[in-house]
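Next come two complexes, and both contain subunit A; in the first it sits with subunit B, in the second with subunit C.
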Partner chain A sequence: MAKEMEITKEKKITMQQVEDSSSNSASKIEIKDVKVWYDDFMAIKGIDMSIKPNTVTAFIGPSGCGKSTFLRLFNRMNDYVDGFKMEGKIKLNGKNIYKNKVNVEELRKQVGMVFQKPNPFPKSIFENVAYGLKIQGIKDKKFINERVEKALKQADLWDEVKDNLKKSALALSGGQQQRLCIARTLAVEPSIILMDEPTSALDPISTAKIEDLIFELKEKYTIIIVTHNMQQASRISDYTAFFYIGELIEFDKTKTIFTNPEKQQTENYITGRFG
Partner chain B sequence: MNSIQKNRLKDQLFKIWGIACTLLGLVLLTVFIGDILIDGIKRIDWAFITDLPSRKAEKSGIYTALMGSIWILILTTLIAFPIGVAAGVYLEEYSKKNRLSTLLEINISNLAGVPSIIYGLLGLEVFVRIMNLGASVLAGALTLSLLILPIIIVATREAVKAVPKSIRDASYALGASKWQTIWNQIIPASGGGILTGVILALSRAVGETAPLIVVGALAYVPFAPSNPMDEFSVLPIQIFNWISRPQHGFIENAAAAIIILLLITFIMNGIAVYFRNKWQKKWK
Partner chain C sequence: MVLNAEHQRELLNESGLKMLSLCISQIEKATEAFITHDSDLAEEVINTETRVNALDLKIENDCEKFLALYNPVAIDLRFIMAVLKINFDLERIADHAYGISRYIVDQDKKIAPHLLKSLEFEKMYNTIMSMFENITVAYQEKDVKSARKVFKKDKILDKINANSFAVIEKEIKKDPTIIDQTLLIFGVIKKFERVGDLIKNVAEEIIFYIDAEVVKHKNKK
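Showing the complex of A and B:
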């Protein structure tokens, strides 16, 4: 199993199927009996779930419950973690992304990610958004300019930065930086966007903007968001998954989870009685 | 005296002690430089720089030694820079964290502390004798490269380590390969630190004497080297040679050559500081 995890250079087979179906049509994800270890510590204890296209799914649960680890499985970001081991299958549009032949770089073009703290590159705004295209070897300036503009518009940042595209991204405010990171992700045109507590470092106004954005992006993308904020989960998500110590306790329509959860544990958590 | 006053007094005492310690180094350096300047400044003119060494002090110049130093500097840079940076990046980004890498790490740190004369002996055996390069500029540069490699590797690792993980995450998440991430993000972001380390290491190499004496650099070379296989001398050896002569004229020559050597290392260190500040600004 550990061998399968090696990120080898030979993985040349592109995810053709994924690509064909991906151009702006969202993807579905199926997870089958996934287990994760960090050395001897079992972080994910066997999870099955399936995520529908064009939905927003919220992952909630107390810190250390494995929801971030679980999220990072979908774009194989855990591959770089020392001692990481994984069993089970994660299928993106029917293709197991943990198969040996999968090209991890290609996968990540399909599955974008926005992180907890805004992490723009110490480069210009334009270069930040164009980076994903540049590393694909795209040199057509007109094409890149169009994509950058489109992505910045989608991320609702264009009007604020259109006259200063050459300015350093680090000069932007925290909320603007996070929208820039979203734009950067969108420029690659993924079909899935993973968000790991994207608003936890932001003020309420910036948070509201990002939430509006997520609502709009749902039309084109499948979005999975990890959040500690119950109101946020209930506001923006269609489905909610509650994790506890490496297990998926409950997964249902957000409305059901928040009004009529099946498990006592879930109810305790969302009403703030523990966690 | 109550305890607050006592603490204040201690505070003051330590401050004074600290200032004294700081000044000690500076004062000694100033006295040394002043002394050298008095002895040597009047000896410095264009002819001193362009003249070949001679038996007569007033006719002697540093041309061959200066050219030797420049040759050594350039060759050492060409050899040590790519190897050291590549090794540093490898150790930080690629090598798995296990016993072997820890062992490598400790050894590299230890190598940085090995006396330079030992490197000289190694150079003599490996480069001069086994590789049959003779007492050439190339053998000298290879020896000095060995000497400064650990410094460059450690500096590179520190600089690479200082690049936040979030930057790597962002790059990988956009579909960049490891190499693309290193080339487009990590090297530019750590470039200032790497360059600073390399320049400081090189300025140390320029001042080294012992290993080059062992390798066979000569005190008297009639011509500046014209290719990497030529015999050579360097400024510190020239200084060493002059200072050990009885005539007063040579003492003046040595002082003048020291001024030139110090100037070179100061300029190099200045460049290093400049790069560091420039990069730091970019990151804030």
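Showing the complex of A and C:
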């Protein structure tokens, strides 16, 4: 992640379109006819979708269906992948994030990401959470302290680490590390949180904590989660999108998808009959 | 769905069908015992009730296990929900067969043929059997059309039941000595009417399972 942030610093064009990145009000996302290629391979074949603010949307589908590629479009994580090419529009609160003048660093303040495997920096717990603020150039210690505490509280980690903030983040358990990564994301007060299989490496207790957290965070953020766990998708999301070979097969309320999906392909997938 | 879950689902489907056949047989035998005044046959129905109860518990238990172990969704979830509810309705149907049989064992009264005729008893029974046939086809072949046929037929039962009071009143006025027989047959007619309602519930659950359509509490043609 550090490497990626360094790369983004090369783009110095100020982005006024994605303004007020620290306002942390949940954002609406509109996707219009998005197509993605990796060289000659078409990974996303023209997707339209609208994601409402303050909702949890789950992306499901078999491996290689394009759901992670699609998720990574929202904070332009695919920009540096060899052979990546994209067409279409992705609008965040009405502003196209793929316009040439968009400052990707600013965009990523607004669109945070949590990965499959917890990836804390080899620094203290405090430094991990404060990292995003510091690279933004914020030096006010009181402000940073307050933000770190708030983020750790939001991530439901504060009580467990408040007396050991100087301890190495690497000494935390896997579940704690993942909540730390969520706190690190929350510290810069994004409006959207992307999660790419955030609990696939965690035990059931840690998974339940992250799921509870997602439910609570929905009040303030728009959350999109990629998951291979059908029960997780049905437990925590408001909307579910089913992808198959680069296409969006069905996108509906989660309760509809898991009780009476419209498409046979969706039913076959969620009932474990293919995929 | 994984192979094992598919297998368990099939076993549950078979148990549901077995319960349906058993309950149909219970109603058939109870009615025959009632008409022919055959207390041995009535005893058989009463004894078979324990088999019905055991199968009821087995199905309930298997549904619980299926829900806990395989986390069914969509059509699989509707299937389990339908089997659970159908099982409950069938067990109630069997209870009515048991109740009719108890009348025969507990009360030594033969029903006069003219009374059975004026109360359209045979028509009522045949309608129930025809409804049973419809839900059996619907269940086995996932045939929603067959399930829908029972709604109209249930109205026939309702009508006979609604008329029965006036018919009985008339018959008693003609011959007050038949009062004990009329009370008995009135009880059976009430049970038949209730069996019709329960078969209708089963049809509704089959439709829900196959088409995800909730037809419960809706006007049906």
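Definition applied: the second predicted complex is superposed on the first by the 253 of 275 C-alpha atoms of A that agree within 3 Å, B and C clash if a C-alpha of one lies under 4 Å from a C-alpha of the other, contacts with A are read in each partner's own complex, and residues count from 1 in each chain.
Basically, contacts are C-beta pairs under 8 Å (C-beta built on N, C-alpha and C of every residue); 3 or more make two chains touch, one makes a residue touch a chain.
Small disclaimer: the values here were computed from a predicted structure and weren't measured.
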Touched partner set for A:108, first subunit B, second subunit C, both or neither: first
Subunit A residues touched by each partner, larger count belonging to subunit B or subunit C: B
Partner chain in contact with A:270 - subunit B first, subunit C second, else both or neither: second
Which superposed partner A:88 touches (first subunit B, second subunit C, both, neither): neither
Contacts of A:260 with subunit B and subunit C, given as first, second, both or neither: second
Partner chain in contact with A:246 - subunit B first, subunit C second, else both or neither: neither
Partner chain in contact with A:230 - subunit B first, subunit C second, else both or neither: second
Touching partner for A:175 - first (subunit B), second (subunit C), both, neither: neither
Overlap of subunit C and subunit B interfaces on subunit A (superposed complexes): none
Of all residues in subunit C, those that touch subunit A in their complex: 1-2, 5, 71-78, 212
Residues on subunit B engaged by subunit A in the complex (per definition of touch): 96-97, 164, 166-178, 180, 184-185, 189, 282-284
Complex contacts: residues of subunit A adjacent to subunit C: 230-231, 234, 258-261, 267, 270-273
Subunit B-facing residues of subunit A, complex: 7, 75, 77, 80, 82, 105-109, 112-113, 115, 117, 119-122, 131-132, 134-136, 168, 170, 181, 184-185, 188
